[in-house]
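This report refers to the structure that appears directly beneath it.
As written, the chains take the letters A, B, C, D, E and F, and residue 1 is the first residue of each chain.
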Amino acid sequence: MEIILSAAIGVLTASGVYLLLRPRTYQVIIGLSLLSYAVNLFIFGMGRLRVNAPPVLEPGGVGDLSRFTDPVPQALVLTAIVIGFAMTALFLVVLLASRGFTGTDHVDGREQRHD
Amino acid sequence: MMELSIIWSILIAQIMLGLAMAFAFYRMVRGPRAQDRILGLDTLYINAMLMLLTFGIRTANSLYFESALIVALIGFVSSIAFGKFLMRGEIIE
Amino acid sequence: MNPNEGNGTIEYAGKLLSVFILAPFVGSLLAIFFPPDQRGATAWFAGAIALLCFLVAAGLYPFVTSGGVLRYDIAWLPELGLNFTLRMDGFAWLFTVLVTAIGVLVVLYARYYMAAEDPVPRFLSLFLAFMGSMLGVVLSGNLILLAVFWELTSIVSFLLIGYWHHNAHARDGARMALTVTGTGGLCMLVGLLLMGRIVGSYDLDVVLASGDLIRNSPLYMPVLILVLLGALTKSAQFPFHFWLPHAMSAPTPVSAYLHSATMVKAGVFLLARLWPVMAGTEAWFWIVGLAGLSTLLLGAYFAIFQQDLKGLLAYSTISHLGLITVLLSLGSPLAAVAAVFHIVNHATFKASLFMAAGIIDHETGTRDMRKLGGLIRYMPGTAVLAMVASAAMAGVPLLNGFISKEMFFAEAIETHQANILDTMTPYVATLAGMFAVTYSLRFIHSVFFGKTPEDLPKVPHEPPRWMRVPIEFLVLACLVVGIIPAITIGPFLHTAVVSILGANTPYYSLSVWHGWNLPLIMSFVALAGGIGLYFLMRNYLATSVEGPPIFRLLHGQRIFERVLVTLSWKWARSLEQRLGTRRLQPQMRFLVFIAIAAGALPLLLNHFELPPLLVRSIDPAFALLWAVGIACAIGAAILAKFHRLAALVLLGGAGLTTCLTFVWLSAPDLAVTQLLVEIVTTVLILLGLRWLPKRIEDTEETELLSLKVRFRRLRDFLLAIVAGGGVALIAYTIMTRPMPDTIASYFLERAYKEGGGTNVVNVILVDFRGFDTLGEIAVLAIVALTVFALLLRFRPQADSLEAPEQQRVQNAFDDDHPDRNKGDSVAEYLFVPSVIMRWMFPVIGMLAAYLFLRGHDLPGGGFAAGIAMSIGFILQYMSGGTRWVEERLRIHPLRWMSIGLLVAAATGIGSWFFGYPFLTSHSQYVTLPIIGKFPLASALFFDLGVFSLVLGATVLILIALAHQSIRAPRAHARAMRKEAR
Amino acid sequence: MTNWMHHLLILPILLPLMVGAAMIPIDERNRSLKGVLSFVSTLALFILSIVLMRIASMDGAPAGNGVYQLGNWPAPFGIVLVLDRLSALMLCLTSGLALAAQAYSIARWHTAGHHFHSLFQLLIAGLNGSFLTGDLFNLFVFFEIMLAASYGLLLHGSGPLRVKAGLHYVAINLAASSLFLIGVSLIYGATGTLNMADLSMKLATLSPEDRQMVEVGAGVLGVAFLVKAGMWPLSFWLPTAYAAATPPVAAVFAILTKVGIYVILRLSLLVFGASAGASAGFGQPILLAGGLLTIAFGAIGVLASQAMGRLAAYSVLVSSGTLLAAIGLGHPSMIAGALFYLVSSTLTIAAFFLLIELVERGRDAGADVLAVTMEAYGDADEDEEEEEVGSAIPGTMAILGLCFCLCALLLAGLPPLSGFVAKFAILGGLFGLSGAEATPAVSAADWTYVTLLIVSGLAAMIAMNRVGIRTFWASIENTVPRVVVIEITPVVVLLAACIFLSVQAGPAMRYMQATADSLFDPAGYTERVLSAPRAGGQ
Amino acid sequence: MSHLTDLPVWAAVLVCGLTVLGAAVALIGSVGLLRFTSFYERLHAPTLATSGGVLMICTASIICFAVLQSRWVFHEILIIVFVVATTPVTLMLLGQAALYRDRVEEKRGVPLKQRPPREEPAE
Amino acid sequence: MRTWLPYPLLSVGLLIIWLLLNQSVAPGTFLMGTVLATGLGWVTLKLGLVRSHPRRVLLIVRFGFAVAVDVIRSNIAVIAVILRGQRRPPNSGFLTIDLDLEDENALALLACVMTATPGTAWLEYDRGRKSLLFHVLDMENEDIWLDTVKRYETALKEIFG
């Protein structure tokens, strides 16, 4: 499992980073989204991978790490998801505004000769 | 013996669903038209939901259920957004 | 007076030192408030302050005789050795008197010199500030304080030189003066800091007692160079002399004060001040000597060729400062005496000459010697005064300049060090003396004698009576000191010299006649040669252009300006462009590269062992799932440029895979949230897509990609691969390592017992780390506000203003058919779907309620519920359109947001009333009839806040975007109307 | 044991958060009400932060003093807020700047867009949270609050320049936020903790493999902070963004880079201090090199700037570089000076940003159009009208000129103002008054630092000189800018604060010294955080 | 996966069978998506998964949990209901969009928009 | 009653959903569900949905049963079409049918039913002509499809009558 998830994180990161380096704002926003998947999975992975051990206790129960997966990274990922969503929205609107003002969807607000 | 067959049958089911997702992916990436891609995504969603259900059976844990339920109830929203975008050029008029 | 008279008196006298700083600066502040037309009153005020300082200085004389020192200490930054220490010894006293006395005279002179339209209060305010700064330099008892006042003199002089700032020369001159002297000052500061490091204190008394320590320190050379940079720039020594002539654009009183008596003297003052601890080494001799000698000679030579009266005086000043510098370079006590003496002498005659030049300028309207002549007939009094002062400058016997110059010649012939510089000194000195005679003679002859020019701007006459008084005073001093030096200046000079040299004070005689000796012969040679030279060159000079032959091509100012422009503007600009960029892509590239490096370095520096590859326990279904996910990600990356919709679809695929992963790996909460967010994000981006320009793949273009572009893409690709590989490697390494001892155990143990919930993730979110959640929803609120505010000002491009093509086609279809109304197409299209979409609203509402209420115990929670509910709203917007929904449902996202945030925070504050910190949760099962046990947790209220905020923020973001579709056509119509008009 | 005074510690976060939230639904037509609310809140915050500063500098306080356990969960499990001299200082600086910027904005700039005051309050909440929190992930959250608000504020007023700058700013910072997350989670994955104090305790006991992972995490995390701090070459977005922002926003942005510096200073001394075993001093050479390069680049930029806004923005970089390199050099004696410099340069740059617009107002009529766009509510596309605010006060030019001179002196670090005192304090700390016994040689790094410090001061002097002459002396049209008192007062007050700092350099430096001393005592911090008792005594 | 062995044989067979069958139906649907040549044909493909697939797998899940937890837990029915209710919307919208686009491009074999209206005016 | 429960069927449905979601019929859950179901009914009222009054529960059940059978049958049919693959490509085509159904809810239900039975795809409903364009995968016999749809229509008309 670890190897698959690492590969997934790697590919998501690579795709995201590649898009971040591209000249079109839309590419960048897609890149940021892919990157945020990668980051979320990365954070998640920091709690180690467990199948069928969700950190949900029986009522009245006391949990320990031998039976349940680490809940902390999950809580962190939740926060990261929310913030990531907010930032995607923000970036989208900024890129729209930029496109509105400059007429182009180039990240620099003007067409460069070759990218 | 029975344990093994249970494991295997569910695994086979999951692999089949995975393949179904792969085929859906083919449509998403190859199109040829936008509607094909969206249909592909919709199929991907449905198969993913089925995958969630099989996962629930496999682990006998019902915590997968909400995710499946959300796919079933809300998953169509993004598809109709796509559809409306195709049809009207904007999704909220 | 006996210096041991009692500490009380000395202490009191020490306190009086503060007058020298306080009076001028306070006076400076007050002077600004004088009305601009009150020239006289302001001058009286400023003069009174200068006079006060002079009188106090005079009164303090008894305390500084025979090596007495007055001190006044105020703690400023005692931890770092910087104190506001004022210290007056004989040398400082002499300078104080010079500064204040000439100050009084200059104020008097300026009273008449300045025109009515000049803002005199500003001038005098600056003047007083300058005087205060100069006195500060002189009286500083702490090296750093000295540097402080030092820079202040530069700054104030900048403002004084630029006083007539409508004049471009004044501006340039001021800037140059500040740049050169300010730079020198900063270097000096470092030098003084190093000196403090060597000595262990910045206190001048301590420093002056540590000569050997300084001279033997390994840091001596840096200290020397840095301090000399300060002193030589300030005193306009070669090669930093060029600023001084250009400072002549200042009003003449400024020149008379700053460029004769005070500011330029600060440099030589410092050399003399530090002479006991720094002089005497070979390095000192060479550097200071070389600078002094070249300045002495070049200054004098250049002075001859000036056509501007003040220019001549400026170069002569440079030359005389060179003379003083040479004297200080020699390292002999006797030379030091001569230096101090010449400082005083030069101040008196040069100040009077500047004032005379000012009168000439004032009365004739020009300072060009080619245009002047025969003025003795119009202003005989001034002429006489100028002649005497000039003679003093030329070193004519019976005037003060002669005596100090004789002392200089005498020292020049002495042997101090066995090297070529030392050998050259007498010859250079004589030559420079000769030049001095020439330019002095020229000054007098070309201005006061010869033909009276016809084309003078004004008819010249004698200046007002009181305008000449300062000159008379100064010239009188030249005469008196020149004739009876021992009685007049003698004791004061001695006091000053003793305070520098202490026990090393040599015997010296201040008599006019020392018999026929070599210096006298040198003087006569210089005098005769100078007169001869003048008459040889007279005709040439009468018509020549400004500046010496050949050298005038080497225009100091122009070089400086060019260097400055090149360095500080051209190079800076090109460097800025080379070292920086305003484009995003390179910035991102840097960021990625540095992040990779930051992650890789710790691995490379300490041997990193690759973790073992674990291939067992791979679930084929999971692998297949991610095969699809990975393919989606790559596909999205490839298609994002030309197939936006496809990329978005594929992004959805990757997101879905991520959700499944979360379920698979025991994170149902994450899956739920990710799924919901996924959907909203898709809707969001689709809302935005409408406003982006069309981008159609141009196959030809892609084929003709230049090599450069291919290279760039390859580089980015490799960068991306490395980044991805690195992150994957790190993730794998950590995931295959055993768990550390983590705080998670604590949460698992107490989530139910103390947090009151079985879903540990949710308990963390609303309780253990509820503060994070509060912050996270605040982020959402902020972003929603930002989006909202930005979209209010959204101006779409013209090409996306009109309705999308589909709508136009469909509307046209409706228009073409008489039985159809506009909008029928869309109504038909949505007729059946919208029925289902509307029925889904309450169902989604139910789901949201379910997610909300179960969150604490099972996956879900306020956030998921809020997003789900907002999807319900969006669905209605999609089915009926903006107007339709807003006619029916009350949508107040701003209010929901505000309430949400306030409720969440207020829940946190509630715990204060029970004596607990913010956000301490309280949960209790309330037993109600019928319903039975019902959990009532404060976390529920907190989650309610989260729900309200998330709902509000998400709806606000999406709706604000959706509203653009209504606004744009209106704006479009408006624009069309405008165009039509 | 929990008394009401104890809750003061969280007020710097809660007060602006709640005031900001409460103002959201207030109609934009009631801007003056919002302005007053906001101003009063910030004023209260300023007073509060002074009180907190006093609390922080109390010695011999009871255990748990200055540690606030959110949700009553003890560190390292729950999130804690930690008040010490450094954080109190930063709080004070933040609210001071905010107060000035806010007053300034009320004259006209807050009308340039919607929800200015809410965003402003939330920015303060984010800043204060970043300074107070003792938890790495919570720091991320507050960073995001701060960043999100800064995006909003940067875009306040809209217009092509701001939006273009905003796009870059947002993109870079989003990427940096990803790094932040990777770094924090990696540290968690290797150590199992998120609490800074706990991390500092655990680091020495980790296995070499885990420590390596922590270092990777810290390295990546550091990049995120350095982006914020503006280290070359991660800072190219900064001049454009800061120059494009509206003046009050730019002024308060002066402290945004300092957040990065603050965190680096805090973490490098707390986590990678002397007690960190093999990881001690981690990253310092990078900070030094980067800081030096940043000073150089900033100085070049200062020289190359024609517009005052960019000049000011590059001064921000110089200031950052100076601080980063000072941290990188790691001389304990320099840190106090560096802190003094931090305060002084922040105040100066803020004052300058506020001043620029006033000075340029008279010269460029076009600038006002952007400033005051009256919007038809709900629809901003209506015709823009220009509104004259303020009147030409006599003597305005003189006051502006004086303020400009003071700014120039402060930026160039020329005597006698706090800019000089700060540089002296840094250099004095670097060279030290070692005295007669042994004068240690000055290292090459030290020399480079000194040279760059001086050269950057010179660059500022030359550039300010050039700009000042052009503006005040050589300007052809002598229109006196229309300035209202409420605009000039904040500038004067900020500069007066600098003058106050110069005069009271002694007490100020004593505070900084105590701050620096406590930073070099990570054990004291750790002890205080980890052994703080819970309320209710469990 | 010990819990699944708690199932009685009949239930196990039923659960496994329905699961595999449901997955197979879904897979075949996807194969259809892959192989059909026109969009309108492909439009039918996912309905296999949304009808047969969902039905069978949900039933399997219901049986599994009902037997394991020995209580009647039907909440999977909700999934069936929701899927049945929401799938038409997507497919309808997509189908209409495809029709519109094909009509604009004047593709052959695509029925024109239904004109003229039923009450045709006399010529 | 109308003001309290604008859509009784909806509210009952919502209550059932609630109970199913919570997997409990405890009084607390029931009460909560009732409150939510009622409240959401009021909100839904604002969306202006037509109130239909389906009668005769028996008819509904019968209809449901018939549909279920159709679904299974058409599943098998479509599977067969797909599996036979290239050998015999599907003979698909468009069909138009005039509908008499007036009730929009009934129409929506018809759409659900047609979508749930693989092989028929609802495409376009023309409100003016009241005719439906749909697509069938296997057009062996057009009339069978038209009959099926008519059958559904009749059933729905009866139910919603």
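Definition applied: a contact is a pair of C-beta atoms (placed from the backbone, for glycine too) under 8 Å apart; a residue touches a chain by one contact, two chains touch by 3 or more.
This is a predicted model, so every value here is computed, not measured.
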Using mean Cα positions as chain centres, tell me which chain lies farthest from chain B.
-> C
By CA centroid distance, what chain is farthest from chain E?
-> C
Comparison of B-E and C-F by number of C-beta pairs in contact, larger one = B-E
With chain centres defined as C-alpha means, what is the inter-centre distance between chain E and chain F in Å?
-> 14
Starting from the mean Cα coordinates of chain A and chain F, work out the distance between those two points in Å.
-> 39
Measuring from the mean C-alpha position of chain C to the mean C-alpha position of chain E, what distance in angstrom results?
-> 69
Where chain F touches two or more other chains simultaneously, the residues are 17, 21, 108, 111-112, 122, 124, 126, 128
Where chain C touches two or more other chains, by residue = 582, 584, 588, 592, 619, 648, 657, 664, 668, 727, 734-735, 739, 742-744, 747, 768-769, 772, 776, 779, 782-783, 786, 790, 793-795, 806, 810, 819, 829, 832-833, 836-837, 839-840, 843, 847, 858-859, 961
Going through chain E residue by residue, note those that touch at least 2 other chains and give them in order.
-> 29, 31, 43, 45, 50, 73, 75, 78, 82, 85-89, 91-93, 96, 100, 113, 117
For each chain, which other chains does it touch, given as pairs?
-> A-B, A-C, A-D, B-C, B-E, C-D, C-E, C-F, E-F
List of chain E residues in touch with chain F within their complex | 25, 28-29, 31-32, 35-38, 40-41, 43-45, 47-48, 50-52, 55, 73-75, 77-78, 84-85, 87-88, 91-92, 95-96, 99, 110-111, 113-114, 117-118
Residues of chain A touching chain B in their complex?
-> 51-52, 54, 56
Chain A touches which residues of chain B in the complex?
-> 59, 61, 63
The answer for chain F against chain C in the complex is residues 10, 14, 17-18, 21-22, 26-28, 31-32, 36-37, 40-41, 43-44, 46-49, 104-105, 107-108, 111-112, 122, 124-128
In their complex, what parts of chain D are in touch with chain A?
-> 137, 141, 144, 148, 151, 155, 158-160, 163-164, 166-168, 170-171, 174-175, 177-178, 181-182, 184-186, 188-189, 194
